[in-house]
Structures are given as C-alpha cells and as structure tokens.
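Going in written order, the chains are labelled A, B, C and D, and every chain counts its residues from 1.
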C-alpha cells in the first residue's frame, strides 16, 4: 500500500479544517502555536517511515505522555496498579472531580487526569530520578536522544493548573497518592511538557503495534500481554469523552493530547501520529481526528 | 486451529465457577434457570460450527437483543439515529436515570436501557408489525425459523419493570420517544424475551464477523461500514460498566445479557456465544466472561 | 397595624413586576391565565381578614396542595412517614431524579414532587375515598364548601406529566410506592388542580399560625408539635431551590406553587397568601415573592 | 423562666448519650478530647448568663467560626458577597466537590467549607492583618480578651486537610479565590482553631439574638437586616446535611462545629451554646443536638 500517497492526499483533504478548531489557550506556550500547522507520520513494523507536512516539528505532547508513563508502570508493577486505578471509560469530562468523588478516590482509568496523576505517583515511587528516567524511556522508544522537557510549558502549567492541583489534593485526601501532591504535580507537568514531533511519536508508539517489542531495535519495551492491554485501554479511554466516537469513525486504539497530537495503532502493522493544534469542543485535534478517519477509510484498516 | 478441543478445555476450566455467580432473580422466569448450565458455540466465516455443553438449549437473550434491533435500525435510518442517541460509554450502571438527566434525555449509547428504548421506538416507527418483523429478522440471521418470544418472560418483565417504565416516561418527557411509553415497553419486553441457544446466537452474529454479509447464505444484513460500527459500539459499550475490563481481558467486541449469555466477534474470522446463568456483580455472566478470556488466551485471538 | 393599608401599598409597589415573569405554560389551563392578575389576602389569628386586588379569584393551587396532604398524613400516621421521606432541603431542582437515585428512592423531603407522591400514596392507603376526603379537609380548613378540583387541569397534567410518571415508576422500582403508580398520579394531579383564591388559602393555612388549631372555628387540625414541624419544613423546603433566598429576604415559613400562589405563615399572628401568575426562573411567583419581602419589611415581621 | 434549672435537667437527661457519639479523630488535637465533656451556657438579651457542666472549658470552635467571618464580611462588603456565594442549603455533605463543580465554582452557601473559604478570602482582601483582626472581632463579641488560636490544631489541620486544599485549588481554578490558596487555607485553619468555651460562645452570638447590637455593651456588630439574614442562613444551612432535621426537632437557627459545639439563637431573647465532643453520623454533636431539642421542648421556645 502506498502510504506516502495516502497521507499526502489526506493532508490535502483536511487542509480546509485547519482554521476550524480552537488552539488550546490556557497556557501561553500552547496558545502561541500556529493553527495552520499539520503533520502526519506513519511508522510500520517493517521499519518504514512515511511523513508529510510538519511531521518533523516538535510540539507539546501533553496527554500523549500518559501512554509512556503507563507503559513504564505496567512493566514495573504489573497488576498492582489496578488496585489504585480502574479500567473503565469515564463518561465524563476528563478532569471531573465528580467522578472521582463518586468512586471514592479511585480514578476510573489511567488516561483521565486523576488516573494519570496516580500513575505518575507510581513512577516517582519506582524510580530514583523519575524525570530523567522517564525522558530516557521516551528517548529510547523514539530512537531520538534530543527529546526533552519544555521548562516554560511545565512552569506555565504549574502556575495555572489549579484544577490539577485540586485533583492531586483530592486523591491525597483519599490516601491514593503516596508522594506529596506538589511533587507529583511537578513530575506530571514535566511529562506533559515533553516536546516531540509526529515522526518521534509514530516511532515511539511502534512497540504497541508489535506486541511490546520495538521492531526496529529489538528492545522489549513491555510484554505481549501488556501491549495488548495498553491498546485496549487506549481503545476504550484514549480520547476523553470521544472514545466511542473515535472507535466508531476511526476504529483503531488511539490517544490524544491538547497540544493537538493524536497517535493511533494498527496492531501487527503500524502506528500513525497526526498533529494539528486546532481542537474540537471535546478537546481533541479537529483536523487530526478527521485525518485518522480518512486514513482508515482509504486503507481499509480497522480492528473491527 | 482445533476450536472443538479448545472450547471443551474451556468448559472444563470454568466448571468450578458455575456456582459462583448469582442467577438474575428479578423475574421468576429467569430465577428458575439452573446455575449449572453452560454452553459454548463458535461459528466461523467459513461456515463451520463448534459446540460444547448446553449450546443447543434456549435461554432468554435479554440485552443481546439490543444488537439485533440496532442492526435493523442502522440499516433502515442510518446516521439519523445518532441525533437521538450517543455513542459513548456510559460510565454508570446500565439503567441510570442520573446519566439521562445529565445528558438532557439523550441516552449515551444504544446499549444502555434508555438508548435501547429509543432504538425500539425507531423499530416501531419503521415497521408495520414491529414484533413480527423483528422476530423474522432474528430468525433469518440465525437460520432458525423456530425462534420465538417467551410470553411469560415478557409479561413478568412488564409487571416488575418499574425502572424501565421510569426510563420510558423520562425519555418521553424530553420528547425523545415518539410512541406511547407503554407501547415501546411492550415491544422492548418482547425483544428481551426472545429465546435462543448459543448455537443460534453464534450463527446470528456471524454477519458482524463478515463485514455485514451473512457468510452462509450470502444475505447482506447491513453494509460493511455499519458492521464495523456495530462492532465498535459493542467494543466500547457492550458490557455495561465492564466494557473496559472486557476489552482488557478478552480483547474482542462483545455484548452480554442478564440471561447469562455473552456473544463476541473476531472480525474476519468468527463469532462465539457462551452461556452461564450465574452473573458477577456487574450483571455479566461470571463463567461466560472467564470462558471468553480463556478463548482469546488459548487461540491468541484479539483485535489488539 | 393597618394591614389593609400595607397590602394596598404593596400591590402598588409590585405592579411594575407583573409582566416580568413567565406564566407556566406546560399545560394549556395554566398558560391561559392573565399575567396581570394579582391578589393578597391576610388572615389573622384574631379572625380578621384583609384583601386587595384579585384576592377572591380562584387559581390552580398546584404545589400548595402538598401542605394539605402533608398535614393530613402527619396527623394520621405521625412519624412513620419519615421512614419513607426525608426532611432535608434538596439542593436540586424540584423534580430531579438524580437526587432520588442518589438517595436510593427515599425523597429528600415531602415538598419535592417525589416526596409529595409518597405522601399522596399514604393518603390513598389511609382513606377510603382519598379524593373526596382531601377535598373535604381543604374545604373545612378554608371554611368554604365550594372548593373543588378542576378536572380539565387534572387531565392536562396527566397527559403531559411524563416526568412525574417517571418519578412514580422510579419510586415504585425502589418499593417506596405501595399503590399502582397510575392511581397515585391520578390523585396527585387532582390535588394539584384544586382551585382556590388567596382568601381561601390565607384562611386555610391559619391553623399553622395558631399551633394546629383553627382559630376561627376551634377545630384541631393537627397537634401543636405537628404544626411547628410543618412550619419548619416549609421554612427549609417550601420554595424549591429558593428556600434559602426566601428565608433570607422574607424570613417566614412559606410554600409556593407554579400556579403563581405563595402562602407564608407568621407563627402566632397571621397567614398571608399572594397570587401573581408570572414566575421567576426558579418557578416561584416573581411579584408574589417581592410582595412577601415588602410585607415583612413594612411590618417588621420575621421569625428571625 | 428558670433557665438554670432547665439546663441542669437537660444535662442530666442527656448524660446517657455522652458515650454514644464518635469524637472527631481526623486530627490528634481533636481526637484527644474526652467524650464525657458536656457543657451548656445560656445568655439572654437582658444580660443574664446561665451555665452548667463544662461550660467554661475551652474547645476548638471549628465551623462555628464561619458565623464570625460571615458577620465581619457582611458588615464590610454587604451584598457584594452574594456574587461569589449562594444562599441555598447544599443537599450534600458539607465539603462536596460535586456540588461545587455542578454550580461552576460558586459555593451554595457560606457555611459549607467551599463557601467559608470564599468568605475567608474576603476577610484577607478587606483586612490588613486578617488573623489579628478576626481574633479581635471574636474577643470583642465574647467580651473576653484571652481568646486565641490553638496553633497545634491549626498546624494539624494544615497537614491533613487535603480535601480543603482540593476545594481551595478548585475554587481558584474557577477564579473564585483572589488570594493564593495556601494563604487562604492558612487563615481558614486558624479561624477553625479558635479556642472558646460555651460561655464565650453564648455571649459572642448574643448580637444575633438582639438585631445586630450587643445588648451588654451596646456595640453595633452589624445592622438589624444583616443579623436577621445571618439567622436565616443558620436556619437553612447551619447544620451541614441536618439543617432540616434541626429545624424540625429544635426549631431555632443554629450552627455546629466538629469540635462538638452547637450554638442556637432565639431572636429577641437569648443565645445558647452546648458542647459535647461525641458526633453523630452527620458530624453534629449527638448529645448537643438532643440538649437543644430538649431546651425548646422544656421552654416551649421555637421560631415556628
């Protein structure tokens, strides 16, 4: 299949949508990104890589980081994680305290903010230098040693992230955060600030398309069972309150971030990363969502 | 792959679980079923059928009927349905009025009871004799002209189903039910009372494993796109509040009913129906859930 | 104190507000009332009665009827009622199913619709001919044998009251309704349809200003303790989601109805009924609320 | 009326209840208090004071402090406060984030923790040295210059108060906190740590029984209208989720704290403070609640 041709056609198809979404404006560093940016990168398990548009430009990965921290933690502590976090779709906006109170402090899944904070708490417990180790993990997955945190983004989020601070203190009040809330938030804001390109991301998610093993360098990132489970979690909980919509229209496990990135995985074949900063009302990249829908239409790929 | 051997091994593996669940007791007709019943049927797109245990014994399909009505309606009115029903997991018990109020009368998906009532409302709008037409549809899918409603079950549910009556009136108060609530409930209780065996069900769901076309008789039940979308909906919303758990442990699109049946689909390959009346606390067949988990483990089948 | 002068001054003060509210439009019988109607009646424990404006014109008392049914039931079954209904303000719109689900089918108080349905269920259990007995009770309290049900209003409400039907079935599903939901709704819609004037209402509530005994004819309507408790309930739960606002601005126990009536009680002294069909966004009479605020300002009466 | 005799009789009546409640244990300073402590103090507008039991022993006033801060703020900024806080009963446990999210960051009333934090935020905005000024205000009301903060209690609450921290950050995320959350929490924990006796409290609340003016020294603490309104707020929102129950059984405006204190006001006559550290399941003093019920029974005092 000529992926290069397909992604170029998609780039053309979605170009009228680029000014339709709203760029996330809650922190200056994100608000300053041009809404006309658009990139796609496809990485196959055979080691090929196809890109178009701004696929090599770095952006703030934000919630995409939750997949990396989850993979690290699942590999380290296994099923013990599920005592502290659930595996069900949330049925509510991604940072709702209502849900958390209703569930007595156990977040419904590791991809809502509350659940991701618990995962980050585990990262801190399990690593001597969590920020360095996390960055190292991501660099290895992406095969790019220049990936780093954007301190200005991390600082901005810290100064304005009162809702995340509320979540962290709330989790702490339920005894579901072992470290100091301020410490957990610091690592969390840093992981969200990781700056990566579509190319980096498609490459870094490839182990999930290959049963946990990086097909390029042969590294075992996590076991086959864990890889399948992360895909299952992305399928059910990866797109905030549009998980069903994404399954319905795209039909692949995926994860989005408010920086405008979405990454999806076709098990056994490929991973694909798209980036367009304009968001729809659910907080997912408007053109990116459409691009992935077109990708599965044009290629007839779908897990269903 | 020797499916016969595999399902027989599974039947043996799960036998200690048969008395662990709770048989649904809210209506006498269901409460009277022996908890030791257990059956599996696998139907492949190549036309093979494998069965073990009580796979030929009929039971009340209950919520499994929601897949049949959805397929009928999606084929008839297409995307117009989504103006009245959403496509997101509910994140709440399956018959919650809270969710419905929060969403102003638009059920989150067609598999929670409220959404299924809206689908049934559409069935009534679109068919001259909805009960006969629905039965005919199911008989054709299953290739079995003896399938029928169990009037005693339907009557029992009508007499005790005050919560469903509340849902129907609540939908009506939001203008999201066009027919009289009593009429909709009558058809709904009948569809739930359909009496089928694992063998019937595996056969009847086969079109969803084959892109909408019945691989045995060549009937086009629905289009490829619709089939994929029904699978996506089953994946995200098919197991009440255990959709994430099912994706995590089984990794196939599936649908369950309080009669103890669960049907799952491996796109391109097969459909599988299990039956065990004992339910777990989430209302899904306890042994049936485990049987499907073992099936994907032993066969290494999973969409992820 | 010259009550006549005071209520005339109030009538003048609030006249600019008469066209500011919205007349309840959900049933034709209510929608047809002229928004310029306005009446006040004051009845004192010494037997005086003062009126102004349309104080002798009958209107639909709607939720004001909940005080009459509560008084009947408290006198008959006493504290047994509180096993089925709570005594706390609801903190939610008056017919919310969310609250009811959260509280497992026990309505928070007898003045929200769900709680009033339970009270009506008790009325049916305790009376051979509940509708005749209720009408008789109200006639005696008001000293007016011409008071009756407005069948057209009752019928209209039955045909459109899907939300109340949902509440009734929901209560039934929790086992907190002993009679058939349809039967309870029928009596409930009739009690809401009672047609009374401000003069009738001020007179009929007088027993609550006099420790349970009608000061005019000496009838003991209920005990002193019950009268105080009904006043306490009106104080905390009588104005839907504006109970606090009413306490804050008016400072008297009171009860409102969507027909535009509000009745308030000054214990030991008087009861006052106002009527103006235009409602504020919380469903309480806009001009009526203001009139009562002015009454306590001009008379310096307040329980606080 | 012989108040001395009455309160002594009450002390005897409730003595069997003293070991029935649960002493608040979330901070060591509170947990260490003996459950057998019990005191009553009555202060009349004529300047009399009656006490029994441990009425002179200081305890942690906790939420009773919310009345003092509210009085200070209402006197200073008047109705501007109501743009930031509501006046309705909450219908939910006192520190629920659910309610706050549902109401978009505007707490329902000034006596739930979220509302009290907003009031404290105002105190900080309006006073150069908020902690000294607040202490001065309370000392003047109580006529006792030895009243002070218990730093060990304040520190304990700071270290364990993750839920209050969550509330503060949540309010900040809605823009309804002007100062730094940490600063607001610091003042808040100090106000809760104020150490006072029943005698101090009865005396300090006397202005609310006397239209805003201290009847002993003639100080105008707040205007008549404000005093009535504070009483109305105590009536509807003063006892967490038992406001209705308190109105029903006691029939006076009142305010409780988890330290085991409850203060109630009989407008025009007296204020009464009771203390017993054992709490009921709603977080109100078990014996204190009963003592106040007996007081209104024995004296036939009630606003209803």
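As a working rule, a contact is a pair of C-beta atoms (placed from the backbone, for glycine too) under 8 Å apart; a residue touches a chain by one contact, two chains touch by 3 or more.
Predicted, not measured: the structure shown is a model, and the values here were computed from it.
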| item | value |
| --- | --- |
| Distance in touch steps, counted as few as possible, from subunit B out to subunit D | 2 |
| From subunit B, the most remote chain by mean C-alpha position | D |
| Same or different contact residues where subunit C meets its copy subunit B, judged by the half mark | same |
| Where subunit A and subunit C are represented by their mean Cα positions, the distance between them in whole Å | 55 |
| Centroid spacing, where centroids are CA-atom means, of subunit B and subunit C in whole angstrom | 47 |
| Mean-CA-position distance for subunit D and subunit C (Å) | 32 |
| Of all residues in subunit D, the ones touching two or more other chains | none |
| Chain-chain contacts as defined at top | A-B, A-D, B-C, C-D |
| In the complex, subunit B residues that touch subunit A | 86-92, 99, 108-109, 227-229, 231-233, 235-237, 241-245, 247-248, 251, 253, 267, 302-304 |
| Interfacial residue positions of subunit C with respect to subunit B in the complex | 96-98, 100-102, 162-163, 165-170, 172-173, 181 |
